[in-house]
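Each of the two complexes below includes subunit A, the first together with subunit B, the second together with subunit C.
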Partner chain A sequence: MKNNNLHANALIIGMLALIMSCGQAGKNGSNGALSGSIAEKVYIAPGERDEQYAFLSGGYSGNLTVYGLPSGRLFKEIPVFSQFPTSGYGYSEETKPMLNTSFGFIPWDDLHHPDISQTNGELDGRWIFANGNNTPRIARVSLSTFETEEIIEVPNSAGNHSSSFITENTEYVVAGTRFSVPVPQKDIPIKEYKSNFKGALTFISVEPEHGHMDIKFQLLMPGFNYDLSHPGRGKSHGWFFFSTYNTEEANTLLEVNASQNDKDFIAAVNWKKIEEFVNNGGGTKMASNYAHNVYNESTHTATSTIKKEVLTVNPADVPGAIYFLPTPKSPHGCDVDPSGQYIVGAGKLSANITVHSFDKMLAAIEAKKFDGDAYGIPILNYDDVLAGSVQSGGLGPLHTEFDGRGNAYTTFFISSEVVKWKLETWEVIDRKPTYYSVGHLMIPGGNSRNPHGKYLVAMNKITKDRYLPTGPEMEHSAQIYDISGEKMELLYDFPTHGEPHYAAGCNADLLVNNSKKIYRLDENNHPYGIKSPAEARVERDGKEVHIYMSTIRSHFTPDNIEGVKVGDKVYFHITNHEQDFDVPHGFSMIGQGTSEILIMPGQTKTSLWEPKKVGVWPFYCTDFCSALHQEMQGYIRVSPAQSDIQLSWSLDE
Partner chain B sequence: MKNLSTLVFVIALSFLYACGGGSKSRIEQIKAQSKVEASDPYENWEDYQGIGPVSEFKLPTSINQELALSGQEIFEAKCTACHKVDKKFIGPSPQGIMSRRNPAWVMNMILNPNEMVQKDPIAKKLIQEYNGSPMANQNLSKDEARAVLEYFRTLK
Partner chain C sequence: MKKRSKNLITFLVVLVTLNACTPPTEKTRTEEPVSHPKGQASVVDDVSDPNILQVAASSEPHSTLVAAVQAAQIEHVLVNAGPLTVFAPVNSAFEKLPDGTVQNLLKPENKDALAQILTRHAAPGSYDIEALKREAKKGRKLYMATGDYLEVTMDGDNISVAGAKIVGTVAASNGIIHVIENVILPK
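Here is the complex of A and B:
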């Protein structure tokens, strides 16, 4: 090794060359994701935290997932419309009522469009709303507990898709029907669709302090398909815009028959005008049947109420409140820019994006320049309301978000790309491929007056070769782009859960300090909760046995129970007496026909067990709670139904 | 390097011995500097104030019965799952604790148990003695911990 120096020099030169060539590759974009600077942009060092939260819809998982940006790390899955064994949501006695509907207990839904509550058009971080598409429902999730607090069923709706978007002071969460149906439902031939079927657009008021939802009114629109919607904001606050397709009113082979008209409509609804109408006694009460489920954080218990009436509004009764804006090629996305001036309709069978002007719309209405009507609703002239059209060069535009700097970003499903374009000049500035076939996209705050235009998340429908293969079914892929510069830069690629349809995001500091750490034991008002292990007991009421149990690291009180019989219904009411952050205990019983439950500090949850076999049966804690977690167990003696063994319970006796 | 540190240690030791009959505080100083833990922290409990929001303080001679009563309520609601007055349970009984721990140590153990069991010599020994069973942080306020301490003073 005489030539040590030579070797070292050669090595340095070689490395320099490598670095330089890498840098160049990054610049050319051919190898972008591998260059050092891009890696640094998404790298969150161990122990460091992300800048932003992203709440991704879980689609057919029925749930909502919480990710960090820019790392793409998954933090949590929040159960909303689906039973969730991980926490016992929808399995525990307290949460079963959350999934009650007029059809009975429905263990699942298809969660689509999360939207964060707003004040003055900006995200306020109190709640996030989401729609169940299949059995129409709207849910409200607390952003302090990250738990589902309320679910309201939407009657007269089917395929609850143009939902759940909120007005700029969270006055309403709006739910529109994708499938029109007979209203009220009745037994008629399907062929009688035309004029018999209605599309209900439902305005659900949100009580400002606690967020409680109540259906204010339902607008019974012509039997089109109401696909997506967004609120007006700023100058257009008070209006809501809904895209429609199937203005042909086809009831079969929609693939062909709903694609006949060159233009469908965006429906512009002046909800303030309709609100005034109903506040003055307008509208018709219709007998109905829908569930309203509310979770009470103090009792840790949900209750379900079936409501019997809904207020409906016939558009003909409120002249001047609804107009149709012709929009080409079966528009899907219907997005409003941060100023409230531009309404973007993405004709999904088109190459171009149509942008309507709010000012022009008002002027045309003022001048009464109508091009006929549909079921009495005035149709405006396309040319009178058009602000511009983006000649995109792509195919299949779906959804648009905004960066707050005068730019818009539209996804193109068929050409699989995100296209950046400029509002007002309508010129295309940049385009980047997605992997593959992008549906929704999300810029945190993108659906508000004040988008945080740093990252863009594209949520794809097809994954193919992006990750190691996992059999025929793959999780859907998502990509994160840096949009802070003139050109978009692909940063990172991560798998999502279920099928994300839309997402909502916000800066981390909006939520971090309000995120709850424990439930206070002294504020626990659960009727079966116990404040001290001294209150632990077992009571019999006929065939029902109620076990009042407490947990702390690492034992159950009581942990030996006798006197339970085959055929009993045994309710374990378990209060977690921990008062420290992130110390849940779990509970599971052998042969139990339900999931485990996970009980947060200070919380009470109830698990039902119907013992079928005589013997001595163990239960245990499912969450590794301490070094003595494996010792956290107990036994229940189950005697024959006719046995006269009395109830007894103990710990360490 | 190794020789040097041995030398320092020997000098320190000789200093320690030399001062053996002298003032206690001097020994304390050297002990702290040399970071040699006392052979039995239970024996030398008076040296430990614990780690946490409470620093060394003197209790008044009389017991505030009202405060003790509110402390008893808190103890029964939040602590009895693991601590029983009449026997050793998951954790030790608080009976007679004032004759084996400083008041500040007791409060720090209540208020800051996670750090205590990692760093405080007595707490480290306790968690071993109690089979690794952790002292739960029950999120008491400083005032609540003070009340519990007053209750403990009544348990002689």
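Here is the complex of A and C:
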């Protein structure tokens, strides 16, 4: 029956698309929609700058990419969960600890949902958070240095997907599990899933001054899949909303077995109530094991600490804090409008979009109108909480963003389109094809009280013939729409890197003036840093050789070193003595089992080399730093392990 | 500069023509100023150490040199990643030249000759005093940006380049400035 509906809908969509394309052709003919005026909207002349920043998730690249809007120009890739030879992140001795976990060093993750920090419900531009989906982690990236400053592992979680969304004063960054698992982990038959597996929703507090993260509590929910989430804002601040699927608690062939229930739930969590409960001593401390990695900008060094305990909360212990809102057809996206009144659940197997009312939810709770419970958590009546349903005419709704003018925009994966609809009347105003199976969309500021409703970026999962072909694998396509008018207008499309799952964006002026240019040498407290080239030296400590090296255009100090032996562990501690914006130096050594490192002005970084062969081996600067960059090189003489050649070093002697 | 305005006018005329046949947009980009007309020379940066141009511009005794650099339109060279070692004659050094020499060089038609003279005061590389002493001791000549080789001599603690004595040294973010008492002219 379901299948027949799908087919019927697909037919209707097909016919609609035909009719619409005819209409558009006519429009194109009359005023030239593809004329110069559209090109001008995305054209940023040489020397001019974009209006907005967009931070796109890199998905399986593990990293974030930074683009300009409206030009779609790529500015930077920020390494977060993946080793990155371009900068040496995860390769340098200082940054290896950033990728430490309770499973050991994990060089990769699947980065999904970036979210910019907020104050009073508006973007404040201090940090951007992102979740690692695979080995559950949350990262915090500085929006002044564009470097990852902190990563915290999330225990008792698996497939960290309904993450990393923040509350409106960045009190918490929230991480919900997609896969429920035994909590704590234990060796049991998979078939004992039901009631044995739990879904952890983790509230990570964010210290206001430096942004340091700490797990405040974990809510151990029934063993559903927690898919996406968003914070309440304005009137609903203090609540958090999570979409769920697999309320069937299936543990195999989920594509069938998790689609049995007509409705799953959106879980409404009153986190302020739970916060109060734990502040008064509530909750149960559980033995655990998770890494907390913090990068210190003063020492230019990360440290990893393994934490041993986490505070868990059983929902039954905090009555009145959690309710289930029935939502049709395995809801995926769970989005809250700028006023905080409407909670949008996009049933990914549905044609329609369900919108719940926060006020009606509170009234139903007040009146205690429940339709039973699930594991003790009250279920509200669908009709009691429903604000409206958008008869979209599309198929496969996924995600919704808002423009701040009372309109919402929802992506439809199967019908490949963005649909614009009106809050409160629930009528469809416009629809534009994206052609290539759109996943997420992003309006800068869209997850806040104050969206900047000028551009919309749709991120497609497919590319196929959109660009020049590059073999079987193509970068995913993104499309930018002008949404300032009644109708959306497709302006431009551009390739992304990895797979963008969601993005965050903000006005450029929020970040431009805070962007760091150099690290000050007088503030460099790296234990192996040197304040000037005069302090350059080489020290031996058993098999370890520590080279305190300096770089400044266009030479290393020292650049001739002798007395290193096969079997030594040679640490190059390189301080870049430049104090000039955008003048890094690089370093690489022949035969080194790691990547190059790129050292920013005023920074110290360490690269490890374990020489295996006797000889005289060169190193060089990997970044074209200056007119004499090709001269920026040096030699190290490596002698046999038993040799008695003393350490010596020099420059131009 | 004249060329730029001409181009701008052409651009505007073309745009107006274009606009005539397309519906007007809310905002045309031509109204916005180009934010970085001079590239690196116009970067706003009060955090990095000052570069050679910025150091020279803030030094009153080098006002003639700075005026000459501007007249020769070689500012961009002094803000480049370099590194450069600049031997910077003070105002009195220019005054030692025959009457009318500076005024003549500052004329637009002598721009290339002026640029050549100034460039002869810059060496690719960063040579601090210790490095210059090594040049003198080892008998190495300094390779200048014009392709000339200049002799470095040491008399006690005094270092001279092509006979011009160094009376002070200032480090810059993209190189080093040595203040000299004479203009280094081709032999």
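The criterion applied here is as follows: the second predicted complex is superposed on the first by the 619 of 653 C-alpha atoms of A that agree within 3 Å, B and C clash if a C-alpha of one lies under 4 Å from a C-alpha of the other, contacts with A are read in each partner's own complex, and residues count from 1 in each chain.
Here, a residue touches a chain if its C-beta (ideal position, glycine included) is under 8 Å from a C-beta of that chain, and two chains touch if they have at least 3 such contacts.
None of these values were measured; they are calculated from a predicted model.
Peer 1: With the two structures overlaid on subunit A, would subunit B and subunit C clash, or do they fit side by side?
Peer 2: Here the two partners, once superposed via subunit A, clash with each other.
Peer 1: For A:627, decide between first (touching subunit B), second (touching subunit C), both and neither.
Peer 2: In the superposition, A:627 contacts both subunit B and subunit C.
Peer 1: Contact-wise, after the overlay, does A:532 reach subunit B, subunit C, both or neither (first, second, both, neither)?
Peer 2: After superposition on chain A, A:532 lies in contact with subunit B alone.
Peer 1: Looking at A:578, would you say it contacts subunit B, subunit C, both, or neither? Reply first, second, both or neither.
Peer 2: both
Peer 1: Is A:37 in contact with subunit B, with subunit C, with both, or with neither (first, second, both, neither)?
Peer 2: A:37: touches subunit C, not subunit B.
Peer 1: Identify the partner contact of A:518: answer first if only subunit B is touched, second if only subunit C is, both if each is, neither if none is.
Peer 2: Both partners, subunit B and subunit C.
Peer 1: Give one of first, second, both or neither to describe whether A:652 is in contact with subunit B, with subunit C, with both, or with none.
Peer 2: In the superposed model, A:652 contacts both subunit B and subunit C.
Peer 1: Would you check which partner chain A:47 touches, where first means subunit B only, second means subunit C only, and both and neither mean what they say?
Peer 2: In the superposition, A:47 contacts subunit C only.
Peer 1: In the superposed arrangement, does A:553 touch subunit B (first), subunit C (second), both or neither?
Peer 2: both
Peer 1: Which partner, subunit B or subunit C, is in contact with more residues of subunit A?
Peer 2: Of subunit B and subunit C, the partner in contact with more residues of subunit A is C.
Peer 1: From the superposed pair, tell me which subunit A residues show up as contacts to subunit B and also as contacts to subunit C.
Peer 2: The answer is residues 518, 552-554, 578-580, 583, 626-628, 652 of subunit A.
Peer 1: Across the complex, what residues on subunit C touch subunit A?
Peer 2: Touch list, subunit C to subunit A: 18, 22-23, 25-26, 28-29, 32, 34-37, 39, 43, 45, 47-49, 51, 80-83, 124-126, 131, 134, 173-175.
Peer 1: Which of the residues in subunit A come into contact with subunit C in the complex?
Peer 2: Its residues touching subunit C are 31-32, 35-37, 40-41, 43, 45, 47-49, 484, 517-518, 552-554, 578-581, 583, 601, 625-628, 652.
Peer 1: Write out the stretch or stretches of subunit B touching subunit A in their complex.
Peer 2: Subunit B reaches subunit A through residues 76-78, 80-82, 89-90, 131-134, 136-140.
Peer 1: Given the complex with subunit B, which residues does subunit A contribute to the contact?
Peer 2: Residues of subunit A touching subunit B: 518, 520-522, 531-534, 550, 552-555, 557, 577-580, 583, 626-628, 652.
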